[in-house]
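Next come two complexes built around subunit A: one with subunit B, the other with subunit C.
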Partner chain A sequence: MLEARLEQANVLKKVVEAIKDLVQDCNFDCNDSGIALQAMDNSHVALVSMLLSSAAFAPYRCDRNIALGINLGSLTKVLKAAGTEDWLTIKAEDAPDVVNLVFETKDADRISEYDIKLMDIDQEHLGIPETDYAATITMPSVEFQRICRDLSALSESVSIECSKEGVKFACQGDIGSGSVFLKQIEKVDKPNETVKIEMTEPVSLTFSLKYLVNFCKATGLSGTVQLSLSSEVPLLVQYDLQDQSYLRFYLAPKIGDEE
Partner chain B sequence: MAPRKKSSMAAKAPKVIKAMKASKPIISVPIKPQPPALPPLRVHNPSYHFPLLLGDRSACDALLGWFEGVEETRSMPWRKSWVDPSDFEGRQEELGRVLSKRAYEVWVSEVMLQQTRVSTVIPYFNKWIAKWPTVQDLAEANHDDVLSVWKGLGYYSRATRLHEGAKAMIAKSSGAACSIPSSATELQEFPGIGRYTAGAVSSIAFGDAEAVLDGNVARVLSRQLGLYMDAKDKKATDVFWDVADQLIKHISEAKTSAVPGKWNQALMELGSTICTPQPRCDDCPIQLTCRAYSEGQALSGKSRSPTVIPDIEDACSLCASLDTEDLVTAPNNAPDDDVPRAIKKRKATTKQINTISHYFAAGTPKLTFETGGDEDGLNSPPIEGSRKRKTPVSAAESKSIITYCSLFPKKVAKKKVAEEECVVCIIEMRSSDGNSKWLIEQRPAKGLLASLWQFPQSPLSASQTTSSQRKTSAQKHVTGLGIRDADMSKADYVASFPPLVHVFTHLKLTMHAYQYRITADDAEDVELTYKGPPARRWVDTESMDNETLSTGMRKCWELISKSS
Partner chain C sequence: MARTRSNPAKTVTKESTPEPTPSTIKPLPTSTANPPKLFVLPKNTSTDARIVTLDNPANGTPSRYYFCPANGFYEFTRIAAPKKDCRSWLLTGEKSEYGNTNTSAEEQSTRIGSGYITNSADLLIATPIDTLFLILPALAPKSAKDMKQHFLAFDDYLDMLASSSSHWKALLSQCPTLKTMVEKRMCVICDTVDAGLETMYRISTSKLLDVLVKKAERMVQHGLPPSLEEKFIKTALDVPVLNIKREESTLSATSITETGTTDGGADKDSTTTSTESQISLETTITTPTDDFDIPLKPTLATPPEILHLLRLRTSLTYLSTSYLPTSFLPSITSALKPRFTPLETHLAAITTLKSEAFALRSISDNMSRKRSIEEDDDRVAEREQKKRKKEEEDKKKKQEGRGIKQLKKVDTSGMKKMSSFFTKVAKKA
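== the complex of A and B ==
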């Protein structure tokens, strides 16, 4: 059986909130190392990969590998009932029909319990190859969100150009063009405002802004975001969570005549 | 009326029998080996198209060997091993009987396979052979039975001609042991047997070195020769027949043997399974002698050889110039495409979405989670260690070669199919005891769906587009049928049905079905058949399934069965 207690229901709330527009139904794969999720959006352009490591839960117990097929819409509805500061316990049998969620207030004077019926979801797992990215940009997640939102007003796609000097987000649309350039900058006192670029070669790739704006719904999960790029590979947008957990989005680049 | 000359089969047949004798080949033997012509100009002289297979015995053997390996896989009931007359143990009449049956099976299968898929043909073939196991049986069959067994297979004139051919053969053979002649020239004298069918029967059943050329073989040859022409062009078919003939003469040593049949079937099988419009070149046994393949290779830059510019006087006059637009879209983009068809799609939509599955391999086992202290999570995403992101260069290259090969033979824009609409009047006669009979009529003996039965119908003109116009037209048709005993003007309109679309090769027919009902007080008195023309009959609901209705009519009938 599975029993996993999360100190803050808010983490799961935000994760589900961030991906529910990309993915409708998906399997939460539970094993002794944690709870993981991998799913593509309907058009197979983007892929979501999440891991809530066992270290994020206390206690964490999972005797056998279980796949919990959940409709994210239903999960959102139930999670609405949880207070942000509540403890959240996820429970399931070994061959479960339902997943059981328990919300407890900090002083344990209110306990609410919900069961969500599970679904059988036939999901393909994609093998994500190990990639030495040509460039990795670490930046404030709020900044990334703002850039995506601003540029999406002009165009459907953005080119991300990374060089030694910094990173440039540029777009061209019917009404005009726009670009945002970020210089590499280190703020020792405020690590969350640091823009750091690690690169082996300059890269320039074009991506759909609609998807990036969607990924930015995860902004609340982490102060920083990492963008990893290499030519002819999907972009990796990673939000690090506490305790070796993460939420990753992969996005296929736009090719040649796609615009 | 002036007496018409009766054309007898024995005397000069009215149709032109294609020459089977080897004349001077269209493509001459090249003086020296020629390197692949480089796209896009493809400068080459006519002898470039000399089939490389002729000089490469091992490639020919490879094709035959390949065919022996796949011969059984599609389990076609008409594929049987060749009956060698010299090995035959039994009396001469017995041999004649066996050969005749074999030839008959090949003939029936080849006629059925024209324009029709193997999987569709198999059940029809089995049913046909079970009903008429020999030519003799078919010759004696009732024409309506022949049509009813063919029902659903399409191109009904094939059945008619098969039947006529059988009758002519029996009439001519007058009791000989083998009623089917073995030579392709003689075979072509019978109705429904053209050069292709004659070649197939002669080579497969009798082991004669006779060539076949169908769409599949033409595609294989077009690529083997590097001939960039419309395969249906007369000049192109002349070349293909000529080459196919040279090849089969070259490959078969003995006067008759199993080889010609095998060779012809191998070419057809290759064309229908490997050398398809989007070919699978990597599996092709005769890749090495393929001009299109080597041109594709040259194009992708692997085996570039010096270009020789021959005198313009010597240049090939057969090949069309390569469509440069195709060339640009094809090899350059091919490596990006997972499916070769993507090119077609791109042309239509000019928009193609790059997907994540392009990069990440599907179907791998579940991800492994990292739990240990992982400082730089970025460089080690959850992975299957052995998976490499990039496809090997050779795969991309072979894809671009395949795309290049798929340009052959030259495509021509299809004519738009004509569209027609008609009203179908399904008239029910209900007697007082509650039984129903339905009116059907026979189509003319010539033309589309010849002699098949249908519900009375009338074509709509282009101006009759509204439902009320259609209904008026249906009503008029019903009233005008002129059936004795039953007063059609009293026919009550019962229902109309959503339009049904039936697509023939050259025609898209939209059928608007209307149901009418007349009540007969004393059904016994009503005459049930009318000689016509058109011949008409009233048929019981239960026996409708046994009538020779076309597929389109059957769809209409289903509407009625469903609604009641």
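== the complex of A and C ==
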């Protein structure tokens, strides 16, 4: 049986909020290391991978590996009933029909409890190897979100060029073109505003802006975002959560027909 | 007003009276039992020309012919207005000579002289007929058995003709020219043997066939009458368009039934008319083609020789059914067969096409028809299932977030699937 208590319901809320526009239904795989999720969008060009490690929960108990097939829309509805500061407890039997969610206010005055029916979801599970990327950019998540939004007004896709000087997001559209160049900058006092580039070689890749904008819904989860690029492999957009938890998005680059 | 007045005028056959003024009371004369008929007779006929009753060569029934000692025989063709059309002839006296000759009553000239309206709008036209056809019955083998006929003297044949009808007898005795006329025509279609002073004759099918074919060729050369052309050539060579087969096949169906009815009708008509007056009807013109009629289907890629063959066959059929004694038909038909083999194959091909089209049509018809009761259960269940599925999908779609919907619109060309970057792993239990 599974029983996991999250100190802040907000985390799960935001995670679900961030991915519900990418996938509809997905399995939450629960094992003793934590609750993991991997799913692809409908056209299979993007992948989301999430881990809420057991360390994020207190307490965390999972006797057997359980896959909780949940419709994210339903989960969102239930999570809306939770206050941001509520304690959230996830409970499930070993062979569950439902997942049980309990929200408790901090002072334990109010306890609300919801059951969500589970579904059987047959999903491919992809093995994602550890990759040494040619470039990894760490930047404020808000900045990334803004760049994506601004450029998506102009074009469908953005090219991300990473060099020693900095990173350039450029796009060309029907009405014209635009680009944002971020220099590498270190702000000791405000680590969230740091732009850091670690690279072994310059890279330039093109990506669909709509997908990137979609990924940016996770902005609220973390102050910084990491973009990892290598030619011919998917872009990794990673939001680090507390306690070794993370939310990762992978997006296939656009190859060939660069306008 | 005008209407009420014209109605009685049509029903009562009356003399064309002067404007009926209310003051003069003049009773209409009763219609005569033997009303005059309107004929169109050939010009330049001798004064000895007369109307005779002879056996129709094709069906053996007595029919009227117009005989002129100089020019030979004429047959009558009646041109009639359709029954529904109320038509009549107004005859006035000036050209009364013809009326005289037809209808033996003397006083008729006076009757016509004051003008006359005939009830029936028939027009009888005399057209030349080859004497050949009229003597054929005498030449024909008496029964199917003695196909091997003996050669007979010319006089024997004349006797045979004379015995067949009294008019022949009278004509032969009164008209010396007729004998030579008959003999000339007989030479054309008979094998002859000289036996001493006399020449002996025997009908020859091949010669007869040659004559017929020549006549048919001429007919084709001048172009078939439009009614024949339309019915037996155009329709016959119509190739069904498989996509639109419905039209095609109804057409073929009606054409078949039509031929059937006209055949029957024509026969009846010709017998009735022959007793009552004479003449082969206008309808007989379209009758022909008893034996070939049905598979008349046309073609897009009709080779010209096929077209010619079909026309030839149509006219031959017409000739043989209209003028040949039935005893000749089998031999003539079989003799013609090899000539028309390409035509037959072509028509057969069209027939298969048509039947295919027809079959297709019935299939598509069935589909468009309302479902029958017995399929209902299955169908309903099936539809229910479909509906449920659709509803489910709809529901799912509705649940889809806005973001997901928008991502669906993204142009993912040039983007590889994730599975091409990452390998699949079996899911841990």
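In this section, the second predicted complex is superposed on the first by the 257 of 259 C-alpha atoms of A that agree within 3 Å, B and C clash if a C-alpha of one lies under 4 Å from a C-alpha of the other, contacts with A are read in each partner's own complex, and residues count from 1 in each chain.
The rule we apply is simple: a residue touches a chain if its C-beta (ideal position, glycine included) is under 8 Å from a C-beta of that chain, and two chains touch if they have at least 3 such contacts.
Computed from a predicted structure; not experimentally measured.
Overlaying the two complexes via subunit A brings subunit B and subunit C into a clash. Once the two complexes are laid over each other on the shared chain, residue contacts for A:228 go to subunit B alone; subunit C is not touched. Contacts of A:86 after superposition on the shared chain: neither subunit B nor subunit C is touched.
When both complexes are overlaid on chain A, the residue A:47 reaches subunit B and subunit C alike. Residue contacts after overlaying the shared chain place A:104 against neither subunit B nor subunit C. After overlaying the two complexes on the shared chain, residue contacts for A:240 are found with subunit B alone; subunit C is out of touch. Look at A:250: by the touch rule set out above, it reaches both subunit B and subunit C. Of the two partner chains, subunit B is the only one that A:132 touches; subunit C does not reach it. Once the two complexes are laid over each other on the shared chain, residue contacts for A:36 go to subunit B alone; subunit C is not touched.
When both complexes are overlaid on chain A, the residue A:22 reaches subunit C alone and has no touch with subunit B. The single stretch of subunit B with clashing C-alpha atoms against subunit C, selected from 292-300, 418-426 or 544-552, is 418-426. In the superposition on chain A, the residues of subunit A contacting both subunit B and subunit C are 29, 31, 40, 43-47, 124-129, 233-234, 250-257. Considering their complex, residues 29, 31, 33-34, 36, 38, 40, 43-47, 49, 51, 53-55, 124-133, 136, 226, 228, 232-234, 236, 238, 240, 244, 246, 248, 250-258 of subunit A touch subunit B.
Subunit C meets subunit A in the complex at residues 396, 399-404, 406-419, 421-429. Against subunit A, the residues of subunit B that register as touching in their complex are 333, 336, 346, 350-367, 369-371, 373-374, 377-385, 387-390. On subunit A, the positions that touch subunit C within their shared complex are 20-24, 29, 31, 40-47, 65, 67, 71, 73, 124-129, 156, 208, 210-211, 214, 217, 233-234, 250-257.
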